[in-house]
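Dropping the structures in below, format is structure tokens.
What follows is chain A paired twice: with chain B in the first complex and chain C in the second.
Take a look at the complex of A and B:
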């Protein structure tokens, strides 16, 4: 449809574009500022000269961060956690979503099972009972404490379940007439047909594991077992100096706390920024999957 | 009959088994642990060996003057987030919907969705830096404009608003997605009919667009009721400090300090139980309303 643009309309469109640009800038400026800080010299940062462009460009902060054993170790634990945790999540999500996507006549207890899972979204025991449970089952201070309690992501299950229900039933029936069992049908028909939906829940799961910090903080007794986000929580947020060694104190003369923190923040955000293009492609899909249906 | 049912259904039950076992232990297990709220809990003696004290923990928590302040803070912060978290994305989606240029639209979306995917550790670290009263970007800008610097994270008056604004900053972009989807599903014929009847863009927005998204607005507003005691632990925990406890301390942070810092397990569990129970009530009512009036079902 072709509009003849009136003056008022033109004015609105211009103002609207300007406004949207301004808002977008507000969303991105803090990140640009942190990036600039991390690339500036510590004296320039301490003097407050750094705005949105590096002043006295240097990679000293990054060199320092990447030479820091604790940081690299925490990064490594986070990577392990993402790989292990996401695999467990996806396996369980698929295994639960498939039976629950069946009709009552195929699975009589379907409603009971669904409520069993959904109820955990509505009510929880709370922090202390969870802590006691983790302790009682011996997960304390192991990487499994970060993976097992959240191994069944109910939201993802609901998402995939709804996707499975949208697949044509004829495929399923044809396979069954040919003598295929449920495991074969799930593996040979449902999984290949849901690659896009699976990619969505995989990304959700990966981002969730990368970003988690509280479980690491409370379930790990020794800081050497902290994943990156928990490690950063103690360094950047609590400003815990336990990690500071005497030789680091020397270093602080060259690399200030501020540029150092900026570099650590940026490295921790980097994996998310790297998968962000994929995230953007899939998450809209995911939201639409999970939102209102007829 | 039963045997026949098992003969065809057993693989389905088998698939569910591992998930059920984990959920049973790690979600329903802690629900048994709620007993701690009614005990003088001693870790060495366990949940079943500790002394039963009835409602003493609840009585003691309610006798503390701080409890009511914390409850008020929680509702105040959560309520402001609920209201603003609805309004801002709607307005933004409407404005974005007016953009015809696809490149522009995509670029704006790319930039505003980003903060949603980063943790409050990253964003908290960034905020502590840019809101610093001496060297932060925000206060430098304020000073250039001739204002006095504000200690945003250390001033009890400002703190709740900093929480709300930063939460909106993180989430508004992502929240627009649902509204944008609703906007594209409005029948274009309605706009053409309105245009033929002489309606300009503003009147089309008022009489076609807005009525078109009212159902989804109502639905999301109803569902957000369940968040009434959710002021956002991740955010508050990473930004607050003793100076702003007066206005920034919320139920979840209180549970953390009582339970894991002061080892008052019974009291912490009691506060947690209060939060879970009230939330359950609100979520149930909101889902019932959504189901009754919008035919909404999650599965």
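Take a look at the complex of A and C:
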């Protein structure tokens, strides 16, 4: 295809691309910095010599990380969490979005149900009631404490609900005339037609589960049960000096190793990096599709 | 949104409000249940050293150390330290939960409101007050009397009983203070001696000397690279932090930010709003304007600023005695060579009155025992044990409680850790002499002293890993100066050591933030020094006056 571009248009396009390149650079530079930090020697890292290229290239920190039992264990827990959590999320999202995508004449209290869900998006009980609930229901210190509280991602439900509503109603009617029930319609027609939207919400769920750390710290009673991000959070945060005992300083001398931390951060980011390219082609497509209705 | 929907929103809002208030009530009743369900502790043998037979379970709340490497098959919940407690005391330690130090206070609070606190945990002074008010704690007065060994009692009141007194409420001992030597908070002036020699500068005896050195370090190219890229002082965004903070400058002008000090009439006043502060701010502003402080310091933390030290760009810093261990050692010791020659000095004063270094009570928390605990005396026995094993010169006795088979720092795992109230300061009186004359007999009864002595000898033989110990032990090292401060009566104690008062708990965080903001602005020359006067007025009207009154009421009752 050939466009005839006016001069002003060309200028705009150039400026636009330059701007977008700048933004993507901003996103990618910290990442490259961490990568080169993880590949540098620790003296170079402590001296702040490492910018965007490794100084005194070494893979020592990766060897350390791969031999570190705690790290690998936390990694394994995170994988479990992502698989389990995402499956629960998707199942519930689909099961909730389908009936709510129906017209009021099919589901009489539809609006009320929707508000019931939206409500939880706007208000929450706060940390303490949540903690007490988890404690009372006996989920404390189990992997379910990380999955059940966020089992229904409302944002994803709304996204999928709108997508379902965008599907032609005639399909639904035709299937009913042929004698299909709701379940059959949902699994044989709606779900296969919504792969793009499902990929999007799956990605949201996965990234959400992989990245969340606070619930791990609060609901897990021992570090052996920490998912990866909670574990990472404990090693990279700044120490609060007010609680530092003299002996702690000696310990810090031994452990304050930035290259190791950088390597752990990088390894932790890898899985999501690998998943993104495969799901991203659905991604933009998926979000936008539900937004336009005929 | 149509009318119908709007009504629904209203309904939802009201429902939310109801729900929230219901939650609040739930918490109260949970706390009530706990206090109701208290029982009398079971009596065991009166001998403080007796073992529990059969072993009892004792739950604790622990902090984790993510960098601790465990031996094979061991973990935070199952390790040789806990085995030692079972073997020696018959106490099986069960962490109810563990979390990293940063999240610990949050999790303690959650634990308290959910009504289930472990037998033993460490809390802040504010939490202690709350727990006592809600009657959730065991009264330790009797068990401490009965079960604490004479050594323990002596250990806990080396300071004359100040720290122990801070855990007493109406004469009842409600907690075990996590003791530490208050003198460990002393600040020192760290200076690059190699630069001083190169530029032919006098030793920093007065504030005027310090300012001169700072000026020379900035302008006379001490690192000799032909560029004007060095700074007089290290600095970081928290201007009153122990490490790279400016408290040393303030103390040099007899200003004590953040501390409650006695004024001439004997009343307590708040250090941050006294007129002396202004002089220090003026000096810092001048230094900043002259380029003697890193212009980006207000966005940097220790780690970032240490990069400058490693890059030979910093000539002086304020810091505590352990600055040589962390963060300096990473910057100074490179590839087994000591690359920078640092020297330590006492704080310098701007007039003929020597500068005092400001310190607090030295208690960094309180170990509390739950009222529901069946064996509150177990906490005292653990305390006895820790004091015994941490202060013996017999390495065989101490080892199981301190190190793993591969010498990892297992001491972190002990449920109660208390530090001698005169740690280091006592050692400082003799250690430097012992090192100078190479005479280990001077420190043979002093555990910390003899280990520092050994390290120093190793350093002299070329072990650069012991550089940080050398900085403490050497003649004119930090421990000697720490002792010198004591002899010359140069410790300025924060007179307020109670739990935060009502107004303090509510308003002080905001006031502190305002203070930090304004002081940083003044130092970086974004606000004139005279803004300090307006700040003092604001501080008083925004709750400071009330806080001062409450602090003085507390002081009068003490």
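Everything below uses one rule, namely that the second predicted complex is superposed on the first by the 238 of 294 C-alpha atoms of A that agree within 3 Å, B and C clash if a C-alpha of one lies under 4 Å from a C-alpha of the other, contacts with A are read in each partner's own complex, and residues count from 1 in each chain.
Operating definition for what follows: a residue touches a chain if its C-beta (ideal position, glycine included) is under 8 Å from a C-beta of that chain, and two chains touch if they have at least 3 such contacts.
Note that this is a predicted model, so its numbers are computed, not measured.
After overlaying the two complexes on the shared chain, residue contacts for A:123 are found with chain B and with chain C alike.
In the superposition on chain A, no contact is made by A:56 with either chain B or chain C.
Judged by the touch definition given at the top, the superposed model places A:28 against chain B, while chain C stays out of reach.
Looking at the superposition, the partner that touches the larger set of chain A residues, chain B or chain C, turns out to be B. Once the two complexes are overlaid on the shared chain, A:161 sits against chain B while remaining clear of chain C.
Of the two partner chains, chain B is the only one touched by A:151; chain C is not. After overlaying the two complexes on the shared chain, residue contacts for A:222 are found with chain C alone; chain B is out of touch.
Once the two complexes are laid over each other on the shared chain, residue contacts for A:43 go to chain C alone; chain B is not touched. Of the two partner chains placed around the shared chain by superposition, neither chain B nor chain C is touched by A:173. Within the superposed three-chain model, A:269 lies in touch with chain B and out of touch with chain C [touch as defined at top]. With the contact threshold set out at the top, residues 46, 48, 122-123, 125-129, 131-132, 135, 218, 233, 237, 258 of chain A are in contact with chain B in one structure and with chain C in the other.
Residues 5, 8, 12, 15-16, 19-20, 23, 26-27, 30, 64-67, 69-70, 75-77, 95-103, 106-107, 110, 113-114, 116, 180, 184, 241-243, 301-304, 306-308, 310-311, 321-322, 325-327, 329-331, 334-335, 364-365, 409, 411-412, 417, 419, 423-424, 468 of chain C are the ones touching chain A in the complex. Every residue of chain A that touches chain C in the complex is listed here, in rising order: 43, 46-49, 68-70, 111-112, 115, 119, 122-123, 125-129, 131-132, 135, 141, 217-218, 220-224, 231, 233-235, 237-243, 245-247, 249-256, 258. Put simply, chain B touches chain A in their complex at residues 5, 8-9, 11-13, 15-16, 18-20, 22-23, 25-34, 36, 43, 47, 92, 95-96, 98-99, 104, 107-115, 117-119, 121-122, 124-130, 134-135, 137, 140, 169, 173, 177-178, 181, 188, 191-192, 195, 200-201, 216, 219, 233-234, 237-238, 252, 255-256, 259-260, 265, 268-269, 272-273, 275-277, 279-280, 283-284, 294, 296, 298-299. The part of chain A that touches chain B in the complex is made up of residues 1, 6, 9, 12-13, 16-17, 19-21, 23-31, 33-34, 37, 46, 48, 51, 92, 95-96, 98-100, 102, 106-108, 113-114, 116-118, 120, 122-135, 137, 148-149, 151-152, 158, 161-162, 181-183, 186, 207, 210-214, 218, 229, 232-233, 236-237, 258, 261-262, 264-265, 268-269, 272, 276, 279-280, 283-284, 287-288, 291-292.
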